[in-house]
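Structures given as C-alpha cells follow.
In the two complexes that follow, chain A is the common piece, with chain B as its partner first and chain C second.
Moving on to the complex of A and B:
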C-alpha cells in the first residue's frame, strides 16, 4: 500500500523524521563517548525547549509576515527595544509597555509596507536601524543597569508542574496563532493576500489592513520574546536579538512555509524551530567548533530544501 | 533633439538620476564644510572607506536584478577577506597568485549559489541564507582568529593616491612623469572600482547573458518563451556577484592588512549592500537598475556617516540619524503610489 502525503504535509513529515535522526545520532554519540543518553531525558529536552521558546515565539510572528510574501528584518531590535523599555520602566507597567513597543513597531512596519508600498525587505531594515539608534541613544551604548521585574523572571525561569513557564507562554502564543490562522477571517485573509494580493483586494479583503495586522502580530511576538529573554538573562543588553533573525526565517522555511507567501502550516514552523534547537544542542554536545556548526547548519538547510522545498520550473 | 534625449533618459532612470543628485549634493557640501575639503588626503580616506561596500553593492545588484536577493554577499566577502589575508604576500608572483585565488574562490562560491538556485530550484533569498552560513564557517576554518599578513607595499600603493602608487613601484618616473600629473591626486581605490565596473560590469550588461538577467527580472516566463538562456544568465549573475564580493573582500584585506571572520560584520555588510542597491535606484522587484547606481547608493550611505566627523553631533546619536536618513530616503519610493491610476497596479 502506498501512503500518500499531501504536498503541504510533506515538509512537516520529513522535518519530523529528521528530528528523530538528529536525536538518534546525538544519542549514539553520547553513548559511545560518555555512556549516557542525556538527549533522551525529559529534563534535558525541556531545558532545551525552554531556551528554544524565544526562537519559537519570534518564528511564530515571522511566519505571519512570510505568509504574506513579506519579511520582517526588524525583529532583532524590536526584541531588544521591548526588553530594554520593559526593564527601564519596571514594576507593574513593564510588561504592557514592552508589548506596546512591539505593537507600535509592527504598526510602523505595516504602514510602510502596506500603505507606502515600500518593499518590506528594505523598510523593516530601516526600522531596525532606527530602533538600534534609539536604544543606543537611550542607553549610551552600554548595557543598562536595570534588572528584570519579578514577573519577567517568573515567566522566563520558573517552572509550573515541572514544566518551564516559558513553554506555557510559547504554547499560548502557538494556540493563538493556530486559531487565528485556521478559524478566523483574518487568518484566511492572510493566506488569500499572500497568494495574490490583487485577487484578494478584488474579492473585498482590505489587504492593507491585513498586511498591517500581520506586522503587528510579528512585532508583538518579538516583544514577548524580548520580555522572556530579558527575564531569562535577568537584564536587557545591546544586540540581544541579533541571534534570532536568521534562525527564525530558517525555521519558518524548513517548516514548509513558502517564502513567497500563501502557503504553510503553523505546525511546520513549530517542527522547524524544534529541529533547529535540537540541531544546535546536539552540535554543542559534540563540542563542534563554531566553524563546523555554521557549515553543518547551512548544509542542513540546503539539503532539506532540496528534498522538499523545490519550486516549479518556470515554463510560461 | 539633444535636450529631449536627456529628458527621456531622466524619466527612464528617475531612481538613478535622483540618487546621483543626492550624492552630488551630499558630497559637495561635505567637502565644503570640511576644514580640509577638496584635498587629496580627504578624498583618499573617503575612497578607502567606501571601496569595500561599493563592491558589495555591485555584488548585490545582480541577484536583485533577477528579482531575488543574495544574503551571502557579506559572508563571501568575509571568506575571501580571510583567504586573501593568508595568501596575498611574499614574492610578486606569490602575491599575484594569491589575488587570483582569492577572486576565483569568490566566483566559485557565487557559482555554487547559482547552481543551487537554478538546479536546486530553491528561492535565492533562502538558498543564500544557508550558503552564507557555510561561507562564514569556511572563513572561520581559514582564520579562526583575526590577523594575517598582506604585502605592505601593495597595501600602501592601493590605498593612497595615484602618485603614491607610482612612487611605490617606481613607475612613470616615481609618479612625476608629465602624463601622470593630471591624475596624481586621484585615489587608487576609485580607479580600481571604476576599472572593475568598466572591464567587468559594462561588457556583461551589453552581452546577451546580461540582457537576459534584466529580462528574467521583468518577466521570467516571457524570457523563457523568447528562448533566452535563462539558466546560463542566472548562474552567470550569481557567479559575477561572488566575484564582486571577492573584490570587496580582497580590498578589505589589503586595506586592513588582515583578515577577520566576523559574523556581525558580515551581516552588517549584507544589509548595507541591500540598502545601497535600493538607494541607487534598483528595484527590489527586479528588472530595473544598474550596478553603477548601486555604486552611487554605496557612496550616499558612506557620505552620510562622514558627516558625523565634521559636524558636532553626539556620536551616540549617529546610528539613529543614519537609520532615519535611510528610512526617509527609501520612503520617497512611496511617491510611486500617488501616480498610480488603477489601484490594482499597486498589487504586483
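Moving on to the complex of A and C:
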C-alpha cells in the first residue's frame, strides 16, 4: 500500500469523501436552479440528522450483531412493538416498558441463535413475523389511537441549546457503544467471537452469552428508535419500522464493518448513517422521482462496496 | 546449469517493505528429491508460493526447462507442470474425496461432470498412495487429518507434475502413511520428477532427500549433497548459531510415594466410542506425554478435560475437586486453572485476522479489567509481558496475527494461556509445523513450567519429543491407555510397539 491507511479505515475514508461529494453535488444543483445553498446551512443539516438519528440508533444495534457475523432482521417490528406498547401503556411507565420489550425480543433472538443454533437470518425473520402478527392482533390492524407521552415528544422533537434532543440520545447511544466495543471485555469478546467462534470458545470466552448480549443490545437500540419515532410522529403506527431494516444494514456495511463479522469500527457506522441520510435528502431536493431515487440509492451502495472490495485484497 | 528443470535467478520479494526473499538463486534438477530447510520465516514458504504462481516476485527471473516463464496464477503453474501441496490443507471438507481430487479439472461428459470417471480416477490415484481404504465417495470432513493429507497428495499427483512441491506434507501423517510417501517419492524420482520437500523433521530429510538447500532470513545460504554435512552443522546453518542439546535435561525421577496427591486424576473416562475408560494421573511438576498413532483419542481426551465435550462419563478430579469443567470458560476460572493449546492453531487457537494484542488477551479480559472496563495500562503491560516472556518476534502488537510465522503464531497461543497462570497445561501437538529453534524454546518452556509446579499433559505425534521431554508417557490405542512408560523405558521402540498395541517383550 502506498498511502498508509489501514484496511479497516479505508472504507471510512472513502465514505467520508463521498459525503463531501454528495454535499457539493447537491449544492451545485441548488445554486444553479434556485441560487441558494440550503444543504450547507446548519439548520437544514441538524434537521436531517434529527431524522437520521432513528436510523443511526437502529444501525448501532445492528452493528453489534453483524460484528458477530449474524444479522437481526427483527428490527422493524421490534421497533414497532416497542413503540406501540409504549404508547398503549402511556404515562411514566411508557419508556421502561418499551425498553423491556426490546430487551425481551433481543433475549429471544439471542436464545434462538446461540442456544438453539438456528441461523440468525431465519430465526430473526421468524421473530419479526410473529411480532407483526401480535401487533396486528392487538390493534385489529388499525393504527392505535394512543398518543406518545410528553417525555417521548420531548426526546424526539424538542431542542436543547438549539440542537434536537434526538441527537443527544443518538450521541449517548454512540458513546455507550464505543466504550463497550473498545473498553470492555464484552466488546472485545464480540470481535473475537465474530472473527472465529471456535477459537474464541476455546479461549474461554462464553460465546453463547456474548451472542445473546449482542442481540439484546440490538433489540434495545431498536426499541429506543421506536420510542423516538413514535414521539416524532406523536403516535405509533403499523409498519413504522419497515423503512429502517435495509438502510441500517447498508449503513453498517458502508461504514466498513465486515458482513461476515470480526472487523469494523463504530465511527464507520456513524459515517455510513450520515451518508445514507444525506444521499436520500439530496435526491429528494433534486425532486428525483421515487423510482429514480431507489435506483440511484441501490447503485451507490453496490458501487461503494465494490470499491471497498478492490481495496481489501490483502496479501496472505 | 542447463540440466536444471527449474532455475531461479535473483528472486526478491518484499511485503510492505519487509524482506521475505532477497536475491535468491535456486535450481533444481529432474529426478531428485530436494530438501528446503530453514526456520519458519526463512523464506521457504515465499519461495514455493512464487514457484507455484501464488505470489509474483518483485524482481528476478524464472526458467522452466531452460525457457523463461512467469506464472500469473497457480493454474498456470499447474499447467506448466509445477504442482504444490500446501501446508494448509486445501481440501473442501463438504465435498467428496473424488470431487476434491478432480476439483480443478473434473472429467466431463457432454459438458457435465462425469461422476463415474471421477470416482475411477480417484480410485487410481488413491491406489498410488496406497490409500485403497479411503472411499472416494466419502466426505473429506469424515477423514482423519492423516488421511486428508494423503488425499491431498493424491490430488497433487493427479495433476501429473514435473516438479512436485511438498510443503510439510508429512507433518500430520501417521507412521504408515509416512512410509507410503517415502516409496512414492522414490517412484517419482525414478520417473524423472523433481520433488521439493519441506519438512521440519530432520530424520525424514536424511532418509529421503539427495540434495539439501538451507535458507535463512530470506536468503539462500547453501546447497549441498546429502551426507556432506552433519545434522549438527545443518542445524547451525539454519539458525545461524550454535545449538546446545535439543531437549532440556530432565530432573531425576521422583519416587511414586514422594509425589503427593495428583493434581489431575482421571478414572474410567469415556466419551461416545472414542474414549473407552482412560485412567491417568498427573502430578505437579510432571510432564506426562500422550503417545500413540494419530486419532486414537488423544485429542478427545484433552478436549474432555477442558470441558469441551458433552456427556463425558467417568471420574475426574482436578486439584482435589471432583468433576469435569462445564466449559473452557469454567476450566480457566476454576481454582485449579486448566489451559489448552489446541491442535489447529489457525482455526482453534487464534483469531487469525485479529491483532496480536487481541489474541494475547482473549483469555484474560477479567484479569485486565477494573470493574467493567479494560484498564489500558494493565492490558499494555500484559501484552508486553506475553511478547517478551515467549520472545515473540512481531513488528507491532497491533498487526494481525496472521502476519507472523507459524512458530510465532504458536507462541501467541501459548502466551495467551500463560497469562492466566494455569495450573494444568494441556498441549495438543504444539510443535507441529514449526521451526527447530521455536521447538526448542517450547521444550524449555515446558520444563520451566513443570519446575514452577504446573502439571503438563502433552500430546505429540513426534516420538522424539515424547522421549526427550516427558517424565512419563501414556500410549493410547483405540481410546484406551495400553501402556505407561517411565524414565529409561521411554524408548522409540517401546513407544512404537505400544502404539501398535503389540507387546515386544512377550513376542
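Methods note: the second predicted complex is superposed on the first by the 305 of 316 C-alpha atoms of A that agree within 3 Å, B and C clash if a C-alpha of one lies under 4 Å from a C-alpha of the other, contacts with A are read in each partner's own complex, and residues count from 1 in each chain.
The rule is simple: a residue touches a chain if its C-beta (ideal position, glycine included) is under 8 Å from a C-beta of that chain, and two chains touch if they have at least 3 such contacts.
This structure is a prediction, so every number in the text was calculated from the model and none was measured.
Legend: residue contacts after superposition of the two complexes on their common chain; A:198 is shown touching both chain B and chain C. With both structures placed on the common chain, the touch criterion links A:262 to chain C but leaves chain B unconnected. Of the two partner chains placed by the overlay, only chain C lies in contact with A:184; chain B stays clear of it. After overlaying the two complexes on the shared chain, residue contacts for A:146 are found with neither chain B nor chain C.
Which of chain B and chain C touches more residues of chain A is settled by the count: it is B. When the shared chain is aligned, chain C comes close enough to touch A:206, but chain B does not. Once the two complexes are overlaid on chain A, the chain A residues touched by chain B in the first and by chain C in the second are 196, 198, 201-202, 315-316. Partner chain B is touched in their complex by these residues of chain A: 71, 73, 112, 115-119, 121-123, 125-134, 136-137, 140-141, 196-198, 201-202, 207, 239, 242, 246, 249-250, 253, 259-260, 289-299, 301-302, 305-306, 309-316. Residues of chain A touching chain C in their complex: 1, 179, 183-186, 188-189, 191-192, 195-196, 198-206, 262-263, 315-316. Contact residues on chain B toward chain A in their complex (touch as defined above): 69, 116, 120-123, 125-127, 129-134, 136-141, 144, 220-221, 224-225, 230, 264, 267, 271, 274-275, 278, 284-285, 314, 316-324, 326-327, 330-331, 333-334, 336-337, 343-344, 346-347.
Chain C contributes residues 15-16, 55, 306, 308, 327-329, 331-333, 340, 342, 347-354, 358, 361-363, 365-366, 369, 372-374, 402, 416, 420 to its touches with chain A in the complex.
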